[in-house]
Amino acid sequence: MSALGQALAIAKKDLRIEVRGRHVAGTILPFAGTLLIAFGLSLGPGRSLLRQTAPGLLWLAVLFASVLAFRQAYQAEGEDGAFESLILAPIDKASVFLGKAAAVVVELLALEAVVVGLVVVLFDLPVGHAPVVLAGAFVLGTIGLAVVGSLFGALAEMPRTREAIFPLLVLPLCTPVLVAGVKATELATTGPAGQAGSWLGLLLAFDVVVTGVGSPLFVYLVED
Amino acid sequence: MASLTDPDALLDEHKPDAGRTGAAPAVQLRAITRVFGVAPALVRVDLRVEAGEVLLLRGPNGAGKSTLLGVIATAISPTYGSGTVFGLDLVAGRDEIRRRSELVGHRTRLYEDLSATENLRFVCALHGADERRVDPALERVGLAPVAGDRVRGYSQGMRQRVALARAFLRSPDLLLLDEPYAGLDDPAKDLVDEEIRATRARGGTVIVATHDPTRGSAATRSLYMDGGRLLPELRRAAR
Amino acid sequence: MSTAERLMSSLTARRGERVLAWLAVGAVGVSAVLSLVASPPDAEQGGLIRLMYVHVPAAWVAYLAFAVVFVASVAYLRTRKTRWDRVAAASAEVGVLFTALTIVLGSIWAKPVWGTWWTWDPRLTTTAILLVIYVGYLAVRRLPDNPARRARWAAVVGIVGFVDVPIVHLSVRWWRSLHQAPARLIGVPDVSGSMGVALGVGFIAFTLVYLYFMALRLRVGRLEERVVAEALSPRIGQPAEALMEEPARG
């Protein structure tokens, strides 16, 4: 089976586990919702401020949710030591990296759809303005988060690692996603959507770079 | 008998290459040392296992049996020393070694939310094996009735049987079993022995680590480990 | 040994350390004289401009150190020689120091000039993120107890972090430019004449200090390895020297 086929098999396996166990949907989605309400309580109740800060709060919620989503993704691997089977399989380890990232992209996109809905309700975010640009921002941004998370999520799953290391590594590295994602969302919802192009380009560049650098490096994190 | 504190004497006694002729060995380790921090788990282990042998590894807990099996399976890399499996270097030939060997260890390495069937189908996808062999494999270990249930509900014994089914599925040339009898009832233990015999019958090699004294009748050779060292053989079993 | 390794060896030998120490002290002295006395005060900022002579060279070293971490990380993954891991670790530690210094100096500079401790200046913000990445790198180093694994993990973080920094900088710069006139570095004027000389000497001085700290830290690193090797030696029946020469495996 080709490397791509193996990555797909791994992605399918991860998605099947998510559908069965509802880890993301069951715990992370409520968490994102709680977070948004907390944001609203701490910044509101003035509607105009909430509307202004909505894109930022949205992406913050997505960022924190993705940190949790990765812990979940690798937890299934760690529960019974199944990760060792992946490593001992004669497959390109980059397939593991990409497959897991792909599964998380799907899970996060589903999560984001709901979260965007919540933000529309709670903060009055106008999403009908330029939905394609908005979708593009979320797709590209999610890919970036998923790739970085897949890379360092492997660390969090190895024995004797403290979990707090994961957000410490991922969040600063994903700053471009936060900045570009928020700006693109702002432009897509309130500002002139045409100007979002450079931000989307930045997201794309980030995705290409972290995927290109992460793929050959993943093996060094997971092989003994 | 050599003093346990004199590693060179151990080497002499063991004489890994003495008296062996013919085809490349299944496993050949030279001065393999594995350290965790400053605690040595394996100390200058020399080992030669011929194809077709069934090697029994005995020794107390913490002797390094699991680590040794891990090194041979390429799950763990040696800190010092070198070795080959099927003539392939432990580091450079990792992928090919993994293709031809299977480690059945203490943890059963299953995905809790998937069924036994789904777990094994995934293994097939990873190793390029035929998916049609999954059902017969599960039947052989007596799990056919529960094959569709999530592994999360399985007992330890059932999980180990899935792991055995996985080994049967993969038909490895080198089967590595780490405490395979632990926690199993007698019929399940018989399944393990059956798997050992079947592997040997098709020319494969088996290394079993266990401190269960009632099993191991299928073994052609027996070695003892303690404190990370492989002790010289006390007698050669001619079977 | 390659030229790079031979150069490193001579720099970190005892005599090399002493030479570096004296050079560094001398250069810092000259720099201090130039920046505090010989160069003129700025038309707008008065004496405050003199902070530039330490803030900017410190920033240079902060990024230089990270570049060294990157190069050493790549070299380690390719050669698996522990000396490259030692260089990466040393450079990260020294780099954290200079990065923190850069940020503190930037903050001290900003307060009287802009009236606020933090101006979200893009370069300074990127440096702050760099600091967190460095801290993450050092945190990853503390996780495994197996030196080979530690080196490998750290190398990956070092490489990914370095590659990411330019993208971070670009994003912060664009972000900032939306809300204000094109960002002026906290009052850095056109440097010419004696100011340029002072700044240049500052760069040299700080680089020498960096090299000196590196030499010290590398020596400590070698000693650390020796301690581990000597602890291991009796347990596995091999002399400590042999254990140190062998590259970390895995």
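Order of writing sets the labels: A, B and C. Residues in every chain begin at 1.
The definition used in the following text is that contacts are C-beta pairs under 8 Å (C-beta built on N, C-alpha and C of every residue); 3 or more make two chains touch, one makes a residue touch a chain.
In this text, all values refer to a predicted model and were calculated from it rather than measured experimentally.
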item	value
Remotest chain, chain B as reference, centres from CA atoms	C
Chain at the geometric heart of the assembly (C-alpha centres)	A
Chain pair, B-C or A-B, that carries the greater number of C-beta contacts	A-B
CA centroid of chain A to CA centroid of chain C, Å	31
Separation of chain B from chain C, taking each centre as the mean of its C-alpha atoms, in whole Å	47
Gap in Å, rounded to a whole number, between the CA centres of chain B and chain A	39
Chain C residues counted as touching two or more neighbouring chains	145, 250
Shared-contact residues (touching 2 or more other chains) in chain A	223-224
Sequence positions of chain B contacting 2 or more other chains	77
Chain B residues within the chain C interface of the complex	7-8, 33, 35-40, 43-44, 77-80, 91
Complex contacts: residues of chain C adjacent to chain B	145-146, 148, 228, 231-232, 235-238, 243, 246, 249-250
Contact set on chain C toward chain A in their complex	77, 129, 132-133, 135-136, 139-140, 143-145, 149, 152-153, 155-157, 159-161, 163-164, 167-168, 170-172, 174-175, 178, 250
Complex interface listing, chain B residues touching chain A	73-77, 94-96, 98-99, 103, 105, 107-114, 118, 122-123, 125-128, 150-151, 159
Chain C partner contacts - residues on chain A that touch it in the complex	148, 151-152, 155, 158, 160-162, 165, 168-169, 171-173, 175-176, 179-180, 183, 198-199, 202, 205-206, 209-210, 213-214, 217, 220-221, 223-224
